[in-house]
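Heads up, the next two complexes both have chain A, just with different partners, chain B and then chain C.
Entry: the complex of A and B
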């Protein structure tokens, strides 16, 4: 009986405490920079697409929500289309971990509600952003040994000239 | 009332009183959820209208436009009758409460207290018939529990008032308030006050004594099969019941409309409102007891206590220290 009265008193005291509820649309919660939210495709510092359509993200995706098709343009690889079905995506971040070129990244934005389910399928135009995302200085083709127009083999950053295998010189 | 000129004001009084009551009951649903929210460190419904006060309208529209469904296995006549009984009995009972000597529908009824007890006794029918006519095991169990709870708690709810009746020497609620001009009965009849309030909680089957509708074990108890406005009537009946018990406690133990400075009806409103808030605090704070514990508590503790209370009150009145 006494404990009931005590409970009543302590519950009554809660009337004067602050609410713990965050009224979400009016007051945005703080989201850490590494929050796993909406997926984007970033560009390198030169403004070119970072994605080289290696399919590793699609392989890593546990729910198979990523679909893309490789195409090639003068040595550079591009995705012909790149499609993420956000109605399937579980925001696990495996695609970001799998990506060798930092192209695919997760952002702290989760407000992606749609009335029509089809609208949750994001195409490449929807995914591509104009900036570099979390890695401002990284450019795959500048460090990779692949020959593209304007950069031959051996001209990448920190890369030695290729060995001429037909020469006897050391 | 035989004079035809008295009929129109009388009817107006009844209609306005009922409208006010319904409005307060509807508002109470919002007040309760809001207060319950604050007690649990959350805001409660705060979207519709200024700080959520139009929630009542939203709920009302929702309830009214729900399909009015009578299950095919139910007994339709009784099924429809039960929620009506729930509302009618509490409304009839609240009619005898004098808010002030002037405000009230039949506040001067010379058997007001008995009428109140009779009406809350009839209220058992609503839950029993609802549980039985739903033809559903959960509903029936809820109805049986409600019947046992209300019938047994009514015994000492009535007995706990005997002390008040002995002290004031009247069943007339207005006279009972008048006799509290110098000392509220909560002081000489403290045990009676506590027991009456507990009985009132059990009678309105509110938490912590809401065993008839224990969600964890019975679904929703006797109103499992009800939806739409028929459920709404049980709901409103329950809220009017809360106000009824609060107002009755105010009249019987807390000196009714007496109080300094403020006008009488405000004192009545303040006291009743605080008791209603206490009802909500109880809901927020206390867990539901087990059914057998609950019945044992009633019959083995509260009943002897009320009987002792009556005996001691009577003895003191005979011996002289309490004026009769």
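Entry: the complex of A and C
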């Protein structure tokens, strides 16, 4: 009883507060970069696809709406296809948390309603942007040990030149 | 049992175990790397450190390596001791110093023992701030990918490859933290067991290249318990599927059969399932002579019309189809019109083998028994090529002498370094008698080279030496007589002698000789085992199905109106001319999974399921009936051959298969109809088996992408398929855990153990049987009262003929088996057909190695490259890589040099 009255009282007090409703879409609200909206796939600073097709976002996704297939080009892993079914996505951001390469990122864009549900299925072409998104500097392959075109063994950050196994030196 | 305390809790272990094994068996999580149940301990990685206390009052204790510590009665250990735990964490930290930042792009990720152990010890952050050493990788051929940076130098790879499997071309190079595990130069790994490196290596150094090409994580693939279709041994496999494709095959532990290891044919030969030449729709030959796709219903009504058209109908079964499918065909056409799809020669050998084994007079060894034999005689079999996993088992058998010496020196058998030091080169006696050299010769006491007939005579002579009641061999050369005496003495001195022969010996009398030796040893009260290999995954099952009447070539000689061929490529069984003659007048229905010359000539082709689209039962050469399950559920018309046949049966108003709606029904009918299969329903739990009302999930609990994988086609998720024939759910729903019967384990996975090492959690004792018993039912267990008479057909000794050679088939592990030979990685390992001759014989026709020779075989001219094999007996020509013409061998051939310029 008391709590109901108190609730009514607080609601009443709101009558005298500033209006927060904005005339969207004429006036766009400010959304912080961390807002969890439409998901994109970003590129690394060299302009290459960041996603290495590790499947971690897919396994982290609680509604299982990410599906992809790994393929490889001269040692570099990347997704042959990468699909997000946004009609299932709950924008929890787990995929972004799980991603070891900063490839998958949630963006502040939330304007993605569709009349036809099928149109909410985004393929890699729809997801891949041309920039680095929120993380301008990181490039997974500069850190990882795999050799890829343009980065041989021993050329990653913090690596020594490959061992000459025929050397007798200590 | 030895009782001891771990962290104050009482545990018990077997006295011949080490502490690590005992801890794992007790369900404790103790990290390790370099120990492996099959390889023993070397104490190299220092990962399994625990505290041992002198007595109750000892509060300090001292650090020991669990894998190097025998369990002692009343001893006190601690895993949780902070010092021990910190020690283990720092071992991991050292091992990880140079480890690359690779997990996301590592095929091992998610099922990596190193990841598991790192998590288990709690080493989460790298404090090392300096540079990492790196290595260059090698190209190791079509099977294995190499990424040396990930190595932790546990030495498991070389210990398996060299010490366990007898390989020579993988080794460790360089020193200290530079050690490098690879070949002396880039090149294909030669051993036919190289695929096991994928599972032996606890890290991502060696990974499956075929899998990497269509990679998915372990948690993303459906698993199905399956049985290898690569040869007759019936190794247990797990088939992993995603999105309708077989992604890989991994070992499925079966303590009695394959243990921890498979051969490369079995592991990498799955590609045909995904191949474009798969038949996915029923095909009917139209008026224009072309085969066109039709619907399921049309195909069935066409088939029914053909069945109803009258005339003689015959069915030809298949040694690579399940018992169920063969039985369905037998029911459809009637037992008297059902013919086994063997070539005439092979059929004779198989019916002999079926007779010997179903007499139940002799013990058929499991592969585990083979490993424990103390004297082995191989008669005519090139095991590494024909029955590879058996060769690996024989390799372990000859180590028996080493273990005996170790026992005398009071060294436990798991103490690998110690055993090898005391035993030196000690090997139990192994005798290999084959026409050509084999890859077992390096461990053989005696490797004999002789023509098939002479090997058979040797065998008969050995039997006669053991038991004078056995038929004697007249006119034996002094040399062979001495050999026979020596072998007989060795077999008599043994406690568990083992005789191995098989269809690959190519000679009926050799199999009879092997049986005689075993019978003679039995007469002398020895517990002898006789292993007779068969070529295909269900050869023995099919041979057991009809006693004797096998020859489909004879059946073709009398004209039939309708011929129904089940999963068989007839030109591999008999000459093309015979097929042409027989089939020109008959209508032909073929059920098969891949396109072949036989399907191309059929009027009606039905898309039969491979091992991956249906379940079924196969009988291995051990007489073990084993069930395999379906990993792929497709929306197309591919279906189990027995379903097609029983549908047709019903459509033709034949009510014999009326009650067959699921596999259990047909298995029950089969068990009723044929007494030798009466135990078949016990092979695996029935389809309504449940654990607490739950099915067994075939997908791991974190299977991802459910709501997206099909969304490309339609955003509405399809209803999951239902597995009508098995207790599996096709999804992640159900019960997975310790109560799943071993025949139904879709994958090995345990909390904290994501890698294949989790199999520890499913065994009664580490390296022993699976909890609940090893899967499969042995149909032909020996009986003491059973008897079998000696075979008396001692052949004449081999007499070379002028200008002619006896062509014998030399088996090849890659390419001989029809289905795996369609897989691209296996094709890369196949060698062009060759003809081997003794150097003197080659000189006689003035030919040099590498030259192209021609010979007529089966009415067709064959071009073969000459290989000189000085050990080959004179007058014998070995033909390898021509398995499609195996039915035409052995045969006398003339050899000519190809005209220069002809291809």
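Here is the rule we go by: the second predicted complex is superposed on the first by the 143 of 170 C-alpha atoms of A that agree within 3 Å, B and C clash if a C-alpha of one lies under 4 Å from a C-alpha of the other, contacts with A are read in each partner's own complex, and residues count from 1 in each chain.
Simple rule for what comes next: a residue touches a chain if its C-beta (ideal position, glycine included) is under 8 Å from a C-beta of that chain, and two chains touch if they have at least 3 such contacts.
Note that the structure is a prediction, hence the values are computed from the model and not measured.
When chain B and chain C are set side by side, the one touching more residues of chain A is C. In the superposed pair of complexes, A:117 makes contact with chain C only, with no contact to chain B. Once the two complexes are overlaid on the shared chain, A:102 sits clear of chain B and of chain C alike.
Contact with chain C, but none with chain B, is seen for A:159 once the two complexes are overlaid on the shared chain. By the touch criterion given at the top, residues 4, 7-8, 10-12, 14-15, 17-21, 23 of chain A touch chain B in their complex. Listing the residues of chain C that touch chain A in their complex gives 100-105, 109-110, 130-137, 147, 149-150, 173-176, 178, 180, 212-217, 219-220, 243, 702-709, 711-712, 714-716.
Considering their complex, residues 52-56, 58-59, 61, 63-70, 72, 77, 81, 83-85, 87-88, 100-101, 117-118, 120-121, 123, 140, 143-147, 153-154, 156, 158-163, 165-167, 170 of chain A touch chain C.
Every residue of chain B that touches chain A in the complex is listed here, in rising order: 35, 37-43, 46, 281-282, 284-286.
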